[in-house]
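Per-chain numbering from 1; labels A, B and C assigned in written order.
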């Protein structure tokens, strides 16, 4: 039908194109309560205004991943409606905390294009920015997806593959204004482990597991106004409703509280792969590897680079069968920077 | 038991009776977040304070259907506890937007009664009003239901069948104070189609589908404090938990975003039929027919009269098997007025 | 793993020990909306700011049981992670209403210890307090649990069994400041029955039932940041996900609206037993017995002591097979004080 959105196909993108994504969103305590109802999220800075204030913030922000999901959800109708696969993330940074009352919108710039050799699909790279009601960028990230061509005769565009950082350098992480962990209350935060207690190479089994329900992942995915049909319509794919990859990210991050209660704020997204699809009935567990550590300019605040792996089987720190392939029970391999008290 | 509410039976109603419905409700950002979590709702005016302000409103209102559900839910213990069937709606108008912080209560006047020839049931017509904390009517509608008699020997009341408008005349629609679509941002709203782009008789397949889960319809129905047992108790009916008809209305309306993103505000309810029962596992899809168009006195604002049909099968614009009977996969046939930018 | 929380074992507790529980929580309209979405809660004082104001309160508080769940949830990692059984509650009092914007934290004092004769487990008694951001105690209760020993060779502590009141005396109930039921609106509250209409010994079948869904109890339990694995991980126990006992308490209390709509505020918890485990698919029903009545010093306010019983079968007011054992379909036996208009 002419009135409904067919989504963009590979030949509809050009490098330099700016996409203004629709449906701005004002967030409130409602989004925060739902985030805590959908994920076992317990990081104190996102749970308590008083705790956030003791860390120098005006109040408790909306979870960084909730902000990411809101920004991401808006891009789906313009970027991934005809996507075959979500290939990767890079150069993600959180630049401003999002507070109840803020209104978020998203825009993306096409920064790369490469038609595949089969002539039927191509890869599109976009840099997406989330903006608040004051026009300030609250977060940004690069994402690339494989998109179908509608017209196989459309000529291949000039190949532009962006040069992306493998890791956001620690000195480019943005620490929220005023953040100060000098008087951090470890008892209220839930664990005694400081930045200095974590070693590069250390692995943590987060122990707990959550069995995923259809109602929960749909409630979450709709809350971010991500309306991709594969997540909601049981008749659309023979293998069932595919769970939004961001649901697995949030579930794994929340589970990682047990062992990383003090990895409070997410400030960088270095990369990420949705290794295998997740379906209702899967029991998600998680483990983390400490990849790097860095100091910051903020009082009492250190940064840790973490690999967060979600699985639907036993943890055992397994990841790949060989160099190129994830084990079948690995759901997510995420590489991020978080802030932690020194 | 003497203390619990047995509900009213047909012989308990008299024309002119005023029913003050219990349990007033203050709505907040929590109700808004839940509405967006339960339905794929994306109309920008109900999602963003900034967008609503650019349309002349003080902030983003609670979804018009959420306001309807809150008002409707309160009437259930007094009107439909012993109802056999919900027969129809008419003369519905939204008169004031509902904002977070408002407290809603409901009252109904019995405006018609007709005992059925079997002597066991009768039809009750009520005009229900939702009022806010300032005593202002925020919406009103007529609804009629078939209700059982408890005492079959009770005499039949004088038959009074109200003379109801088939359609709310366009000049009786109330446009929210200050509403102005002159500077409407079509990019942020999600679609470019204006009032002038829709033709009477045009049909739109809204494409997307959502498979309904038990947890979701119960969460929604409870949120509106509609506690009719058929929606919650699996042991009550042999065919399972019957889904609140309003859940299907909101699901279909939210799905209609795809093709009607600019049909922002609902201002009139001309009629509606819950054609067949809906159960968990059904995949709801929707289509719309443009029935009429009208101008309004507000700057840049037009009105469209829409037939919204929800189905649990293929869409194909099917509705009735013949004049009198709905097809078995039709769930809802709703006739409403919405406001759209010129 | 060294970084994750193994929980405390019996030998880790000493009488007089103060446990500061982690993860303070700011509540908002989001928590209130979710409470009403998860339970068929209709008590007007918790639904409407206007109604609460007409009863002398500044606004509608968060449901007393929601406050209890928030306070209780924080204690789980310190008290019940290695618990074999939740044995009882006593001396519970609600001391201050909790309003949106308040931040709650919890602390517990160990007030009793008794190693069991098998040498493998022991009973721990704690008095838990919930505090708000001003350091005021909003509620307190005693709870005792059976906890495993990790080191069977650890010496048995000196036995200390606290002397607990069987019932909170009526004159120790704390009535919220300003509470006044002199102008109580029975029509808006939903039922005409006053304090004087209830007789000691009277039993009420609350009629309605709700069939429990996995998604719902998990959403509720996470909202209170109770992350005990048994509630979420389907692979953890052979009999499925055990439902948090507090979910049954809230479900039964909400169902009791039908017959006890005017038992508005909960002010005392005399005792409680989770008689049998509850699983998804169970249909919860409830009945109440009036155990006692008392006057209070607040204008128009009486107190009723109620036994609230939740079952997963027919109600029929059954409770025990003999003196010592609950019937297999009894889920909950709760003894509490509520405030009601005279």
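FYI, a residue touches a chain if its C-beta (ideal position, glycine included) is under 8 Å from a C-beta of that chain, and two chains touch if they have at least 3 such contacts.
Just so you know, these numbers come straight off a predicted model, no measurement behind them.
> Working from the CA atoms, figure out how many degrees chain A turns to land on chain B, in steps of 5.
An angle of 120 degrees brings one copy onto the other.
> Chain C and chain A are one sequence twice: same or different residues at the contact, by the over-half rule?
different
> Please tell me the distance, in whole Å, between the geometric centres of chain A and chain C computed from their C-alpha atoms.
The computed centroid separation for chain A versus chain C comes out at 36 Å.
> Touching at least two other chains at once: which residues of chain C meet that condition?
Counting only residues that touch two or more other chains, chain C contributes 28-31, 33-34, 100, 213-216, 219.
> Across the complex, what residues on chain A touch chain B?
Per the stated touch rule, the residues are 1, 3-5, 20, 22-26, 28-31, 33-34, 77, 100-101, 103, 105, 133, 213-216, 218-220, 222-223, 225, 227, 229, 232-236, 241.
> Hey, which residues of chain B end up touching chain A in the complex?
Spelled out, the residues of chain B in touch with chain A are 28-34, 36-42, 44, 47-51, 60, 100, 187-191, 193, 197, 204-211, 213-216, 219, 257-261, 281, 283.
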